[in-house]
């Protein structure tokens, strides 16, 4: 008698807007797992101050609990690869999702990769700006040390460069993180000091709201357009009302849902998905498709 | 400890009854040091920040940030003067944001209901903190750390259950927005006026009402304060409730200002408010401080934090410059006080 | 303040010369309280965390975390006992990581050079902190805040100039890795042994060498300590250098352990180390504390933080449970001490 | 004045397992100075802390004006007119003289709808009260207490208690840090308070001070009431021995004298040592 | 013993604009007790802080054994055998008796290559030293200082100074918080130290204590040396007046007496007040 699959999902902080959606996806898939006698456990760090190391600890925690399958993002490969290899060495099926790409999955011996890619997400944003003739952009980075966020900014700058534009990264000091007013005012100052900037890109939900506010206060709402990654109701409302141009969607819900479903099928029935690298993004949400997205956000799935 | 010695010397020197003493009286006020620190960093950015920094927009940049930190820093400062710390504000702010957004945004109840519920939540957390600190004799840092985690956890858990997400949008009616979440002139947050109001009230409490005396005595020596007939338990509980209320207020106003609430904002307020208070000359060990000092300290911190974006400096070096400037401001403060006190025009 | 009264009562009670006194002697040790708090949270997770929590793997989860916090918490605790605070460790850790990764990873110099440079950096920052605290009489919280920002800014700026990125990979040779960045048995970090070593050294310093006496006296009353002939300036500087060194060590070992360094790692250490120290019974105001207490406090904090992953509880409620448990552990600690002290088998 | 203001009967006090006061019964009358004497650690301060609401007795009753009463808090005791100068603390180094004088009972004045701490009035009264102690150097109520010398601080605390003591004035070693002049002032104050009909409880280790002002003497030895007598009932020598915890002080003095004489032979009369 | 151990010549001390000591010249000889007298705030503590390396004089020189010397730090002074009990502080409430006794000069023993703080030895010596003061209740060197009564703490500090004072022993109001018995013990200790050839500087506000042990008296009034005389050169009344800052104490005493007699007519002899 199979008692079901014990699946561990490594992810972001539980109160992270993006990760709470991934978590929702994993939990929704988990309903099936539970119906079959298994369980889905979410392991996330308390904060992102020590991301690679903390995540590696979480992977080891999952191993020590005799997981039947593990899903995890390869945020900081140098820090986490060793732990992932230990997963594979222990004979536990592994899926890499959200960060790392197929490269990581292959390198680590994981079954598959599900997700988007920070660099590609940023790149898509850069191209979107470029296509809309916004050739001078700034990437607001509220956590300037984190590799994935830096990759996003780098992608953005590469994307805009492809269209002949240019951009800079604006790293904010740590005392501003989590303080929307400080972020808004910093962006405002940057815009006032650099009147040529016409595009702003933010790396998280909260920052997008703050940035919209900063642009408004600089009196540049007509000229400076805002883009970013991820979304919530407010961002979609902003897109609808025109105060935000677009957002890059990597469909976190699918990342969690697919990873858990695939592993559950694999553990219980030996199923495998032959498609290597399941991409859930980057997709672009802008005024043209915002209404369709709204419904999903309301359900907590987007 | 050092600064205490400093202050005592100040008092002694200031009291010599001669011509010099009128300057002494002014100079021994701790506010003067904080004021000079503030002027110094302002001057720095006025020079390196160029024209934009001294415009209305530039002023709004740091004033908006200062106002939000300031509303929290005032009651945190009072607590510190009374010898206690409150770090639970870091999760009361998002909890209050989420409360008002959930009630008035997600469930569409009248905005008043949401605001009152949020403020009530702040008071409740403060009350619990106060009672725990009094009853258990556990250091308030630990008690409020416990409530910091507990409130953060509750906020997240309840938000997911009720709204299914970690961020909720809220569209306040124009009146509520005008009162709590408006940009005056398109750039100055109304919180600036609330801050002013709070500073006046707290200033009244600390410096002009009898309760100020109780707070100072409490921080100076808790046992002696109790022996002198001060209802120490009540004062401590009320002070914690005050900081809960103010933190909740900031949460509410942020929700209305940004039309949305998130589970995870607010942690930076813990650090920033404590720092502002200490820059303003309040003793970390309690018993000494002034509201004007706290206000100057907050402004200093906000200017340093935001002014950097008006300079042409590479943003990668921002933190370095902030660190050096903060130290310089506080040093300026101390040095000036010492200099002024040991200088005497003619030895009598 | 309260806890000080507690302790005095403890001492008085313990000294009654009767049968009861031998228990009294044991019970009045502050470590006992911390120990019981630790046992309580361990028991909680042993029950709710299931079998996995008590396996080697489960133990490694909290021991690894505790070891890194612990290496920093020890010197931070010493500083707190001496009446000072050091928050600059939050940026010394990533600065040291980046130093060793840049020198030995990016530029491929021998690992020894990188390690020594990183440790030297920690000593230097500590030295600067110490000198500034002594010379300026600015509270150490503010001084080390300044260096926190300054070092963070320097790290980011220099990293971008030298390596063009904020993260650098490093592949250490097997020997260095075995010493500094290995998983023993595939799960226990070598830092656990370093922590043990550090605890022994710091324990020797605080409890068995004469310097411990100096540190306790310094935190008890700085002026009297100086009057008693203690070279206070030197002691303070050395303590800051110690915390810089230990922070740098953690940074180096993290870089080797995880084969990479990031500019932003480390801020959480500030908070976590201070909390661990206070849970361990060290007075926030200085003058009292023990190394065993700090170690127990660190373990308690680590168990609470990591144990949660072994319970089936929804991660949304993790913070709530952590908050409640932390409070419970500290309460347990205090209550037990009080109970034990006022209980007497038969009134003489 | 037959009825005592305060009366203790069979009061015990323990801190956890340590018994500090055993079965104390004692009466304090208006217009009378009660000198509480005893060796270091005898329990004098603990006893007066019970009378001022700081500690609650473990058992036993306290009567005020013949009615049983519980001093639940220092505030309650001071509301009933019991004013205390404790042995340690009571001074707030970082507060101004005026503020620290009025801690807990601040004078206020109306300013529109607000009641404002009346700084000027507080400073004036405080400075006046302290100057009456002969400490004329203090003329600025805004000075911080931390800047005063030990004697000045002590005088400030006593002046405060005298100012607020409506019925009972309790002074725990008030003259310890004081100069000759200031100590004499304190004694004068005590006599003045007695004249005004207050009950005064006065703790001291100086026999002469006790003899100068005391009407009624109570001696504690190791927490028990070893003697309770009125002025004139015992000789100075007897009192000295009691203050020293019941040990005969004669041999000690002989010893000192022998040192003196061995050295120079010019020791002062032994009795003066007391 | 003609040569003084310590000699001050024209020493001035100001704190910023406040001049606390003016032009003090004074000699301290071995085997002699110098009583430093003066009103509250006269500058006594400041003077001995200069001698113990806490403060540096603003101007003037200090000679030790005839050689000019600068006491750059308290440590340096104590290394030269000058041991001081300061008026305030000096006790660490949260430290054990043994540890606080040996603060700064901890005894160590070898344990392999390590030198270990010798807790047992420290506790033993400390307890013994305190018990010699008659405080026999203290038998455990691990007790915290915060748990001692005021008198016990004071005795601990004095015992410490006596133990480490090789050449000069400075006591700033050592008897202030002490009981009759303990104060007598302190006086005995002072005489004992003198006998052993130490120079003792003794500050007190109690005339009797001064007369009992003093060989040499120096009186400070408002920071200036108002009198410097040897035993027997002045009457007790003159000394009392000097200690009160030069004011005649007679009227004060008359006043007190009049209260006394108005009330009961049984005041003790006025001279005893001193």
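The first chain written gets the first letter, and so on, giving A, B, C, D and E; residue counts start at 1 in each chain.
Definition applied: a contact is a pair of C-beta atoms (placed from the backbone, for glycine too) under 8 Å apart; a residue touches a chain by one contact, two chains touch by 3 or more.
Because the structure is predicted, anything quoted here is derived from the model rather than measured.
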Common touching chains of subunit B and subunit A: C
Most remote chain, CA-based centroid, reference being subunit E: A
Farthest chain relative to subunit C (centres taken as mean CA coordinates): D
Whole-Å separation of chain centres (CA-atom averages), subunit C against subunit E: 42
Where subunit A and subunit D are represented by their mean Cα positions, the distance between them in whole Å: 71
Centroid distance [mean C-alpha coordinates] between subunit D and subunit C, Å: 47
Interface hub residues of subunit B, defined as touching at least two other chains: 9, 12, 152, 156, 160, 223, 283, 316, 318-319, 322
Shared interface positions of subunit A, touching two or more other chains: 14, 144, 171, 173-175
Of all residues in subunit D, those that touch subunit B in their complex: 52, 54, 73-75, 78-79, 84, 86, 89-95, 99-100, 102-106, 108, 114-117, 139-140, 142-144, 146-147
List of subunit C residues in touch with subunit B within their complex: 1-3, 5-6, 83, 132, 136-139, 141-143, 145-154, 156-157, 160, 222-223, 274-275, 278-279, 283-285, 314, 316-324, 326-327, 330-331, 334-335
Interfacial residue positions of subunit C with respect to subunit A in the complex: 52, 55-58, 60-61, 64-65, 68, 94, 149, 152-153, 156, 165-167, 169-170, 183, 186-187, 254, 257-260, 262-269, 305-306, 309-310, 312, 314-316, 318-319, 322
Residues on subunit E engaged by subunit D in the complex (per definition of touch): 38-42, 87-88, 135, 137, 149-152, 155, 173, 176-185, 187-188, 191-192, 194-195, 205-208, 211-212, 215, 231-232, 240, 243-245, 247, 249, 252-253, 255-256, 259-260, 262-264, 266-268, 272-274
Subunit C - residues contacting subunit E, complex: 4, 7-12, 14-15, 17, 25, 204, 207-210, 212-214, 216-217, 220-221, 223-231, 283, 287-288
